[in-house]
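Presented sequentially are two complexes of chain A, the first with chain B as partner and the second with chain C.
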Partner chain A sequence: MRDNTLKYLLVLPAVIVVFATAIWPLIEAARLSFTVGRLNRPGSLERYLGWENYVWAILEEPAFWNSVWVTTIYTLLTVGLTTVFALGLAMLLAPGGRLRSAAQTLLILPFAMSPALIGVSFRFMFNPEFGLFDAFFGVMIPPLADVSWLADPKLAFAVVVMADVWGWIPFLTLVLIGGLASVPRDTVEAAQVDGASGWRVFKDVTLPQLAPVLAVVVILKSIFSLKTFDQVFMLTNGGPGTATQTLSHYIYFNGMKYGQIGYSASVAWLMVIPMIFLTYAYAKFVFRKADQ
Partner chain B sequence: MAEIKLSNLTKRWGDFVGVDNQSLHINDREFLVLLGPSGCGKTTTMRMIAGLEDPTSGEIWIGDRMVNDDLPKDRDVAMVFQNYGLYPHMTIFDNIAYPLRVRGTPKADIKPRVEKAAEQVELTEFLHRKPKALSGGQRQRVALARAIVRTPKVFLMDEPLSNLDAKLRVTMRAELKHLSRALQITTVYVTHDQIEAMTLADRVAVMKNGIIQQLGTPDEIYNDPANLFVAGFIGSPAMNLINGSISGGMFVTTGGTRLVPVKALDRAKAVLGVRADDMDVHEEGQGDIDVKIYAFENTGESTLLTVQWGAQRVIARGDRHLRKDQDDVVGISLNQDHLYLFDPETENRIRM
Partner chain C sequence: MTGRQKKQIFGAIQTALILIAMFVMLVPIVWIFLAAFKSHVDVYQLKLFFTPTLENFAVVFDDPYRLGEKLLNSTIVAFVTIVFAIPIATLAAYSFSRFTMKGETMMLVTILATQFVPAVVIILPFFVMFRDVGLLDTRLGLILVNLAIVMPFAIWMIKGFIDGIPMDTEEAAMVDGSSRLQVIRNIVLPMAAPGLLTSAIFCFIIAWNEFLFALILTNKNAVTLPIGLALFKGEEGDLWNLLSAAGIIIMAPMFVLALMIRKYFVQGMTMGAVR
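Here is the complex of A and B:
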């Protein structure tokens, strides 16, 4: 067998798997998004409707725009907070940082938990009657006693953000520790001797050299944040009202609960648009780095 | 401008001793080279002066200030790193200007000073480039310019030439020497290259296992080595070290040859040190001893004869026009004014 043929044969299984689990569902979803697509109406999965589902989502449906808004704010907050915390932790945990050893092992723990588990455990911790936070805040800051965290739209949103940031910090910290390790020590020491303060060394020398890794971290986390579903489902189920209903949750709700498969497929495809941009940016950054 | 005093300086990592209770006084405007094999503590010593490493014990003085607790930025030193430590995201201009900027130099002063420093190291035409676009030698110059752009109390140079190719190293060495004479700033220079040490230094401190073996002018460490380590480390080819004993005022090789008269008391074990240049090559029968050539090498500027001397091999330098072949027999005589005796047990010099 020629090497060339073998090459393609070896890649084939991976291509088949990707096609079966990603490409085909995407195509099928695209087809469904142009149909009436109601699970409780026989034959409607085949009835062509044109762009109506899309038009409905964009022009007629405030709940769609609510979930777009929730997802946007949620993404901005979680990406920002996770990156900042992860960068701080990475600085402390990097070789030569101030904390290391056992802390690094402990750190990975939240990442080992499934998002759904994080959701459940945070729901218990914020339970107004017997939750950990209620007990803690009740003692430390009396005015915060007996607050129903998950019943207030703003607070519930904050809790969802917090759970996500908590769960994602470890992974991004590990990535950034790797990034920091690739910043040449010489340049940092040169800046120290040149007369730069700790902050200026960080700002002028470390950060610019960390930028490519940081960009990858931000893009990756953006993709993950946009897709968030499990935590929201377990923690608030989108509520109170629709205060924490992310796009993924909205899609699930319409498709699975209300049986509007066609409509939810069209919203899912609307969500593919920012994803494509982010994935493209991610690929560009990663492969540009590999080129150098 | 300042002198540097190290007193009882020690650096340990767990059980490993990097620098072992060393004291050293570096004079104002002196060019001091710390020379030794890798792991001898020379770089650690320099990094402690820079403030990049904290000493386990001991004091570091720069000028009349004890700097142990000062951050690197407050010590007023400039350092050239082995890998240059250039900021890859900044242009050459910004690299050189950085020490001025972080120290709050007025904007109007920065440009002329950067340009002057760049001119001193002949980089003027590259100021707008990034370090990536420069060759190794040019990057080295940028690192130098960044050090000389302000006038620090002390220059620290950590193997600055070791990443350059052999030819460039020779050129840069001369430029460094010229520059250091012109600037007249106290300099500590770390290297494992004895030629760099010999050519650049006012004084050399030869280090091994965290201990300074000998401190002296290049002349002193070459012509008056304090112990076997210094004798073997300095010089290329290395000093010949011949095992034997001293009996009746003569050095006797382990093979039993009564070789040369030495002014020392009898002892059962001694090492005779003689440099290749202090051995004269004659025709067979005309030297102190006849030996067979093991290898004959012509370097162009001279010839090197590795000869079989009993159980040992010894290298002698011959005239550049000498032509011999393997297995030829030649006579060797030793220049008796430049012989060194060492005690193989203590490794110290036996003064004649």
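Here is the complex of A and C:
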């Protein structure tokens, strides 16, 4: 067989799988979003409704905007905190040596943990009676001694953010250590010889060189933050009330608990829009790297 | 203070910070490990010293929890997912790596992009379809949707490994009269084998930890381990000692696998954006 035919035959199975498992559901979700789409009403998945689901979400549903708000704040906080902590930890661990390599190895563990299990473990850690973190914060910050973290809207949100930051710091740290390794040593040393302070070297030499990797980290983390579901479901199930209800959780709840497939598909598509921009930005970085 | 003293103090502060960071990272994991061996009396107290028991592990595998069934489901689903995904991804990755095709960039970007589609969007149509064809609560259904999250990683990761294999051996074999398919089987596959195994392990971990699909598609027969965690919510709240025992069963095998492929973890997750 000639290579010219073969090369397309080789990618064909993969293209079919990707189309069937990712592209088709996207198109089908778009179709559903224009229907009445009640799971318990036969035929309603076919009844065309126009833009009504979208209009309803945007104009009539405070709960939708609440989840947009929760997701936005959650994304900003988790992306910011994870990146800053991971950068600090990466700077600490990058030089290598026995202790530092051991630490790097251990960092792989939280990331191999199921996000659902991270949610469970943080519910455990913040249990008001026998939670270790709950006890720790109670001692460190006395006003927090007797609070029930997960029953308070603001504190529950804080716990969800903490669980996510905890789960993602290790991975982003490992990425950034990889990035730091590619910062040329001699430019750093040259700056040090010139008498620049540690902070100046970091700000003027290391950080600019690290910028592409940092950008990848921020985009990737933003995408995963926007999609967050597992930890939230296991940790607070969106509560108390809707204080920690992310968009994914809102879609899940409307679609699966209330059977409003059409409506939840329209919200799901509203969620895809920011993803398209982030993916575009991410793809640019991947291919820039590949071209080198 | 001399420069040397300064350096020593600076080094000590760094060591302390590293130890604190490691402590914070490990405490929730260690706490689960401890709780799994505590009796149900000890688990409701902040105890560091207690008489360890293996009872929790016996209880979670027994009626009514039957975690063994979930363990079997998780293993079968994750395993069959990679059995499908890795060969399909390998063929595609070879083609992407060695040939130029019309629309190649577009295909690669699309494959990458599907990874970023929220799982909750993908699952709505699958739920409706599986309900109509009777695939709800089956392992087969779960395997099919798991391909959606695993394929992009597999293709990109394996492409990275094949990119790293020099082309001259292949070309020499072709000059000697081997066909392209013989070259793939006799030269590329053996050379790429460690990379394929790494990718398979990576995808296995992802499929094993998958939560949302299993939550929506299963309720009894095909329930996987992460969903099984919800079983341990009793009338009086969470049964923490049992939850922890189940937690160990979920995470310990993944820790072992992750440590085996730790050098490639970053590359896999970022799909080659960071090497």
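Everything below uses one rule, namely that the second predicted complex is superposed on the first by the 279 of 292 C-alpha atoms of A that agree within 3 Å, B and C clash if a C-alpha of one lies under 4 Å from a C-alpha of the other, contacts with A are read in each partner's own complex, and residues count from 1 in each chain.
The definition used in the following text is that contacts are C-beta pairs under 8 Å (C-beta built on N, C-alpha and C of every residue); 3 or more make two chains touch, one makes a residue touch a chain.
None of the values given here were measured: they were computed from a predicted structure.
Enquirer: For A:58, decide between first (touching chain B), second (touching chain C), both and neither.
Expert: A:58 sits against neither chain B nor chain C.
Enquirer: Of chain B and chain C, which one touches more of chain A's residues?
Expert: C
Enquirer: Report for A:45: first if it touches chain B alone, second if chain C alone, otherwise both or neither.
Expert: Touch partner of A:45: chain C, not chain B.
Enquirer: Where does A:147 make contact in the superposed view: on chain B (first), on chain C (second), on both, or on neither?
Expert: The answer is neither, since A:147 touches no partner chain.
Enquirer: Going by the contact rule set out at the top, does A:190 touch chain B (first), chain C (second), both, or neither?
Expert: In the superposed model, A:190 contacts chain B only, not chain C.
Enquirer: In the overlaid three-chain picture, which partner chain does A:281 touch, first (chain B) or second (chain C), both, or neither?
Expert: After superposition on chain A, A:281 lies in contact with neither partner.
Enquirer: Check whether A:155 is in contact with chain B, with chain C, with both or with neither, and answer first, second, both or neither.
Expert: neither
Enquirer: Counting only touches as set out at the top, which of chain B and chain C does A:251 meet: first, second, both, neither?
Expert: second
Enquirer: Mind pulling up the chain C residues that touch chain A in the complex?
Expert: The contact residues of chain C facing chain A are 14-15, 17-18, 21-22, 24-29, 31-32, 35, 43-46, 84-85, 88-89, 91-92, 94-96, 98-99, 101, 105, 107, 109-114, 116-129, 144-145, 147-148, 151-152, 155, 179-181, 205, 208-209, 211-212, 215-216, 225-227, 229, 238, 240, 243-244, 247, 250-251, 254-255, 257-259, 262, 265-266, 269-275.
Enquirer: Which positions of chain B touch chain A when the two form their complex?
Expert: Per the stated touch rule, the residues are 50-52, 71-73, 75, 77-79, 81-89, 98-99, 102-103, 143, 146, 156.
Enquirer: Using the touch rule from the top, collect the residues of chain A that touch chain C in their complex.
Expert: So the residues of chain A in touch with chain C come to 1, 3, 6-8, 10-11, 13-15, 17-18, 21-26, 28-29, 32, 39, 45, 89, 92-93, 99-100, 103, 105-118, 120-125, 127, 129-130, 132, 135, 166, 169-171, 174-175, 178-179, 213, 216, 220, 223, 226-227, 229-230, 233-234, 247-248, 251-252, 255-256, 261, 264-265, 268-269, 271-272, 275-276, 278-279, 282-283, 285-287, 289-290.
Enquirer: Chain B touches which residues of chain A in the complex?
Expert: Answer in residue numbers: 184, 186-187, 189-197, 200, 204-205, 208-209, 211.
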